[in-house]
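Got a structure for you, written out below as C-alpha cells; questions coming shortly.
Should a chain be cited, it is by its letter among A, B, C, D and E, assigned in written order, with residues numbered from 1 in that chain.
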C-alpha cells in the first residue's frame, strides 16, 4: 500500500518535471514547477524528513516560485520562441539526449548497487546529541556539528543579495512601489502579518526540539516581508542601501563573532562552551532568521529593479 | 465499530467528495468567475469536514484548536484569493459567459 | 524495495530529465528550472540512497540537503537577477550564441 | 593560541566581508588593507606553525571528523593559501587604484568572500564542506564578472553561472553516492575505506566532470574566455589566477588521497588526453585572437591543460617519477597563478593606455611604457615555460617524469604547447613594437598599477630560482601510494 | 662565502643589475645611463681579470644553487669559461661605446640599452655555466633578450626578421631542452667535465646516448648557424649595427659554438665522441658550412649580408677545430672563437660607420671611401685581411693551428677545405678593399652625415680602431703569455690532461 503511494508520487513527480520543462507556455512551466515543489515536500515527508519538507514548501516552492513568477512577468517583453522539442537535426538535441540517458544509466547502476556503509555516522550523531545544546538532531548538525558549513552557506546567501545589489539600476531612484490597490487585501494582510511573524518565530523556537529552524523561519519571514511590500506598506527601509546591507550581514556577523570568541580562550573556531551551547545556538538562529528573511526579501525587491531599463544605460 | 468511527468515516468521505466536486467544477465550469465559485466554496466545506473528522479523534484541546485555526485561516485565504482573482478578472474586463458558451481557455500567455 | 530506494530512483529520473532539459533548452528561465530539477533529484538521491543503506532516517544527509536547498535558492535568485537584467538590456532571454541567425 | 592562525584564514576574510558591507567608504578601504596585512601575517605564522609541527588537523567547533568538519594544514594547502594571499593582496592594491568608487564599493565584499571561499577550499578535508566552499567561490566569481554591468559581461556571467552550477551539481551527485556507499564525508576517512566499486567509479566520474567543468578543461571550456576576457582587469587576474585553481585542487586532492592512479590507469590517460587537447586548442585559439585579454584568457585554457598532465604521470609503479610529476604540477599551478595575474594586470595597464581592446592599438606602447612591457614579458616567460621561471621548472619536472616513464606523447605535447605559447606571446610583444603613423595619444596609468603588475611577474620569475622553498613543503608521502 | 668565491656571481650581476637599473631610468637620462653602462662594463672587465688570475692559479671558483630536486644552477669559472667571458666583457665595453655613439638622438634608448645589458648578462651566464642545465637557462634567456634588439626599429621588415629569428632559435631551444631533459633523466645532474658517467651510460645504451648528442648539438647548431640552420642570421641584419655586431661577433653565434665545444669536451669527452663516431659527421657538416657560407657571401651585394654569410662560414671554423681529435686542432678552434670575434666586430663596426656617415649599404657604393674615411677603412681592411688569414692579423694564427691540427689528426682533406675557403674569403673581401682604396668616388654619397668630422664621430671610430688593434695584437703577440693563444693552450692542456 505504502509502495503504491510512493510509486504514484514518483510518477506525478516525474510527470510534473517533464511537463515543467517541455510545456510550450513558459507560464505553465513555472506553474508546474511550483506544483512539483509541493509534491516534493510530500515526498520528503515520505522520506521521514519533515525538516526538508518544511523547507521545500517554504523556500523551494514558496520563495523560488514568487521569484520565478515575478521574473516571468518581466520577461514578457523578450522575444520568446516556444521550444521545439524534437529538433532531430540539431546536434544539441542529441547531445542532450545522450547526456540525459547517460546520467540516468550511470546513476541507475550506481544506485542499484547494494550498500553497506562502513562508517556509522548516524550513531555518532545520537551519541553526541546530548552535548550539542539542542535535542533536535538536524539542528544539532546544522548549528553545532557542522556549523562551519552553515556559516559558509549564509555567506552564499549574502553573496546572492550582493549580486542583486550590483545590478540594481541606480542608487538615486528607488523603484516605484506597484502595489495592488485592493482594500480587502490590505485589510486581510494587516491581519495576517503578525500571524505570519508569529509562525516564523515559532518555527525558530521549535527548531531546537523538533522540525523547524532558522531557514524555514527565515523563508516564512521573507514571505511576510513580500506581502508587506505588495500591499504597499512602508518599505522605505529597504530602499536605503545601508539598512539593506546591514540587515543582510546581521546574522553572519553574530555567527562569526560567536564563533570567534572561543579562539581567544584557546579553543577551536565555532566551539560553544558546553553550558551555553543551547542559548548561543538560539541566538545565532535568531540572527540568521532575521537576516535570511531580509535577504530573501531584498532579492525579491532588487530583482525588480534589475528589470527596469533606463535610458542612461544605453551603451 | 462504534458510532464515533462511523461518524468520522462519514465526515472524511463527504469531505473528500466535496473536494472532488470542487475539482470537477473547476474543470467543467465555463469562465473564471464560476470556477472561483466552485473552488473556494467546495474546498472550504471539504476542508471543514475533514478537520471535523480529525478533531473527533484528538484528546488535546490545544491541538483541536490549532486545527480549527488552520481551517479558519484557509477560509480567509481562499476567500481573499478568490476575491482577488475575480477582482483582477473584472479589471481586465473578462466577460461572464452565458450558459452553453465556453470561454477560450486562459491562453493569453501563449503567443 | 524500500520506499527510500524508490525515491532514490525517482531522484535518478529527475536528474536525467534535468540534464536533458538543461542542455536542450536555450531559454534561460527554462534552463534555470532544469537546474532546480537536477538539484532536487540530487537531494533525493542523497537522502533516499543513504537512508536505504541504513534502513532508517539518517539526519546527516537531511541536514546536508537543507543546506543544499538554501544554496540552490541563493543560486536561483542570483541567476534570476542576472537573467532579468540581461533581458532588460537586450530584450532577449537567451544567450547570444543561442539566438540563431535572426 | 594554536588555533588562531588556521581559523584566521577563514575569520579574517569573513570579517573583511562584514566590514566592507557595514562601514562607510573611507573606513572600508582602510579596514580592508588592515585585514589584508593581518591575513598575510596570519599566513606566515601558519607557515611557521607548519614548520614546527608538520601536517596537522583542526576540528571546527571541537567536533572531530567524521562527525564534525576538520580542516587540514599540509604542504599543499599551505602553498595554495600562500599563493592566494600573495595574488589576492596585490590584486586588491591594483583594484583600489584601478576601479571607480562605485565599483570598488562592491568589489570589496566580493573580494573578501572570494578569499574566504578559496581558503576554505584549500583547508577543507570534508567533501560536503568543499561543495559549499565551491558554491561560495562560484557565486563570488560570478558577482565579480558582473561587476562591470554591461551586456557582454552579463552574458559572460550568465554563461559562467550556469557552467558553475552544473559543475557543482555534478560534484554534489558524486558526494551523495560516496556518502551513501561509505557513510562518511571526511576525505581522510574515506581514503581508508575506499575501493573502486561501480558506484564509487560513477561518483568520482560525476565529481571529476563537475570539477573539470568549473576548471574549464577542454571541451567544457567555452564559458571561460568571455568571462575572464570581459571582466574588469583585477577581476580577470583573480579569476584566472586563483578561482579555476580551486576546483582543480579538489580533483588533485581526490586523485591523490584516494590513490586513483592505482585504481585506474585509463582514467589518467583520459585526463591526459583532455589536457593535451586543451593545450593545443587553447594555444591555437590564443594565437588567433584579436583582443589582448582574450589572448590571455585562451592562454589560461592551454595552461589548464598542463595541469591535467599530472594525472597520467602519477603511476603506481614509479614512485620517484610520480613525485616529480606532482611537484611539477604544483609548480605549474603556482607559477601560472603568479604569472597570469601579473600578465592580466600588465595587459590591463596597456589597454588603459591605449583605451582600446584591440591588439593593433598596442603599437608603440613598448616605447611609451617599457616597464610595463617588461612586466608583461616576464610573465610571458613563465607562461611560455622558458627559463628561468616557475613555469619552466614545472614543465621541466613534468617532462622529466614523462621521460622516466617513457611516456613520450606527453613530452611532445608539452613541447608543442610551449612553442604555441611562445608564438602567441611574442605575437602580442611584436604588436607593441610596431611603429605607426599619426603619433601617440596614450593615457598614463598610475605608478601603482605598473608596479603591482611587475611585482607579480617578478615573483613568477623568482619562483624559478626558489622552487626548492616551495617543493620542500611537499612531502614525498603526499603522492606515493600507501 | 668569500668575495672571490662569489666572483662568478658578481661577474654575472654587473651586467644584470645594470640592465635592471637602466630599465627603470627615465628615457631622458642619457648621460646617467651611458655612464652607468660604461662603469658596469669597466667593472666587469676588472672582475674578469681577477677571475682569470684565479683560474690561472688552478682555482675554479664556483657558485651553486639547488633550484629543483637534483638540479642545480651552477656558475663555475674554468679556463674555457674565461676565454668566452673575457671576449664578451671586452667586446661589451667596445660595443657599448659604439652604441652610445650610434644611437645618439634616436628614440627608445632606455629599452635598447636595458636589453643590451641583459643580453650580455646571459652571454656571461652561458660562459660561466657549470652544467648543462645552467647553460640551457642562459641560452634561452639569450634568445629572449636579443629578440627586442632585433625588432628594435619596429618596422614591418624588422618585425618579420624578429619572427624568423624566434622561429629558428626557439625551435633550437626546444630541441636543446629535450636533449638536456633526456640527459638529466637518464644520466644525472653532472657538472661539465664529469664525463666518466656519460661513458658508462653510452656503453649501456648507445642509442640513447647518440640521440642525446644529436639533440644537444642540434639545439646548439641553430644559434651557431650551422647549415641548414643558418637562415635566421642574414635576415636578422635589419637590426641596428651594434646589435649585428653583438649577435654575430659575441653573443648568439658564439654561444652556439661555445655550446658545441662544451658538449663535445665536457659532456661527452672528445675521445668518447670520436669513438662513437659522433664527431666526424659534425666536422663534415662544419666543412660544408664553411664553404657554403663563403660561397653565399660572394653573391651578396649588401655589405651586412655579405658579412653575415661570412660569419656563417667563420663560426664553422670553430666547430671544425674542436671536432679535430688532438690538441692542436682544438687550440685552433678555441682561439678562433676569440679571434673571429674581434675581427668580425671590427668589420661590423666599420659597416655601421659607413652606413651612418655616408649612408652606404651596398658594396658598389663603397668606391673611394678610403679617402673620405681613412681610419674606418683601415680598420675594415685589417679585419678583412684577418678573415682571409693573412699574417700578422689574428686570423692567420687560427688557420695555421687548424691546418696543422688537421694533419696531426690525420684528416688531410680539411686542408683543402681551409684553402678553398681562404680563396673564397679573398674573393669576397679583396674586391671590396679594392673599391675602398683604389676606385674613385662615384658621385654623391647616398646620405652624408657627420660632415664636421674628417672620418666619422669619435665614438663610432674609436671602438672600431680598438678592436682592429686588438685583432692585430692577438696575431702579433701570439707567443706572449697574455695572448688568447696561450690561454687556449692552457685550456687544451687541462682538457687533455685532467
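The working rule: a contact is a pair of C-beta atoms (placed from the backbone, for glycine too) under 8 Å apart; a residue touches a chain by one contact, two chains touch by 3 or more.
A quick note: this is a predicted structure, and the numbers were derived from the prediction, not measured.
*Asks:* Following contacts chain by chain, what is the lowest number of steps it takes to reach chain E starting at chain B?
*Replies:* Contact-graph shortest path, chain B to chain E, evaluates to 3.
*Asks:* Determine which of the two chain pairs, A-C or A-B, is joined by the larger number of C-beta pairs in contact.
*Replies:* Higher C-beta contact count between the two pairs: A-C.
*Asks:* Which one chain sits nearest the middle, judging by mean Cα positions?
*Replies:* Chain closest to the assembly's C-alpha mean: D.
*Asks:* Looking at CA centres, what chain is most distant from chain B?
*Replies:* That would be chain E.
*Asks:* For chain C versus chain D, what separation do you get between their C-alpha means, in angstrom?
*Replies:* The computed centroid separation for chain C versus chain D comes out at 27 Å.
*Asks:* What is the distance, in whole Å, between the centres of chain D and chain E, each centre taken as the mean of its C-alpha atoms?
*Replies:* Once rounded, the distance between the two centres reads 42 Å.
*Asks:* Report, in whole Å, the distance between the mean C-alpha point of chain B and the mean C-alpha point of chain D.
*Replies:* Averaging C-alpha atoms per chain gives centres 58 Å apart.
*Asks:* Would you pick out the residues of chain D that each touch at least 2 other chains?
*Replies:* Where chain D meets two or more other chains at a single residue, that happens at 128, 132, 135, 139, 142-143, 146, 151, 154, 173, 177, 180-181, 183, 185.
*Asks:* Which residues of chain C are in contact with two or more other chains?
*Replies:* Within chain C, residues 15, 22, 45, 49-50, 52-54, 60, 64, 67, 71, 74-75, 78, 82-83, 85, 89 contact more than one other chain.
*Asks:* Counting only residues that touch at least two other chains, what does the list for chain A look like?
*Replies:* Expected reply: 26, 80, 107, 111, 115, 117, 121, 125, 146, 149, 153, 156, 159-160, 163, 167.
*Asks:* Identify every two-chain combination in which the chains touch.
*Replies:* All touching pairs, sorted by chain label, are A-B, A-C, A-D, C-D, D-E.
*Asks:* So in the complex, which bits of chain D are touching chain E?
*Replies:* 324, 327, 364, 366-367, 370-371, 374, 377, 381, 386-388, 392-393, 396-397, 399-400, 403-404, 411, 415, 418-419, 422, 426, 429-430, 433-435, 464-468, 471
*Asks:* Could you list, by residue number, the parts of chain D that touch chain A in their complex?
*Replies:* Those residues of chain D that touch chain A are 1-4, 6-7, 10-11, 14-15, 17-18, 21-22, 58-63, 66-69, 102, 106, 109-110, 113, 116-117, 120, 128-129, 132-133, 135-136, 139-140, 142-143, 146-147, 149-151, 154, 173, 177, 180-185, 189, 193, 197-199, 202-203, 205-206.
*Asks:* Can you check the complex and tell me which residues of chain A touch chain B?
*Replies:* The touching residues are 24-28, 80, 82, 180, 182, 184-185, 188, 191-192, 195.
*Asks:* Which chain E residues qualify as touching chain D in the complex?
*Replies:* 23-24, 65-69, 71, 73, 107-108, 110-111, 114, 136-137, 140-141, 143-144, 147-148, 151-155, 159, 162-163, 166, 170-171, 173-174, 177-178, 181-182, 184-186
*Asks:* In their complex, what parts of chain B are in touch with chain A?
*Replies:* 73, 76, 80, 83-84, 87, 107, 109-111
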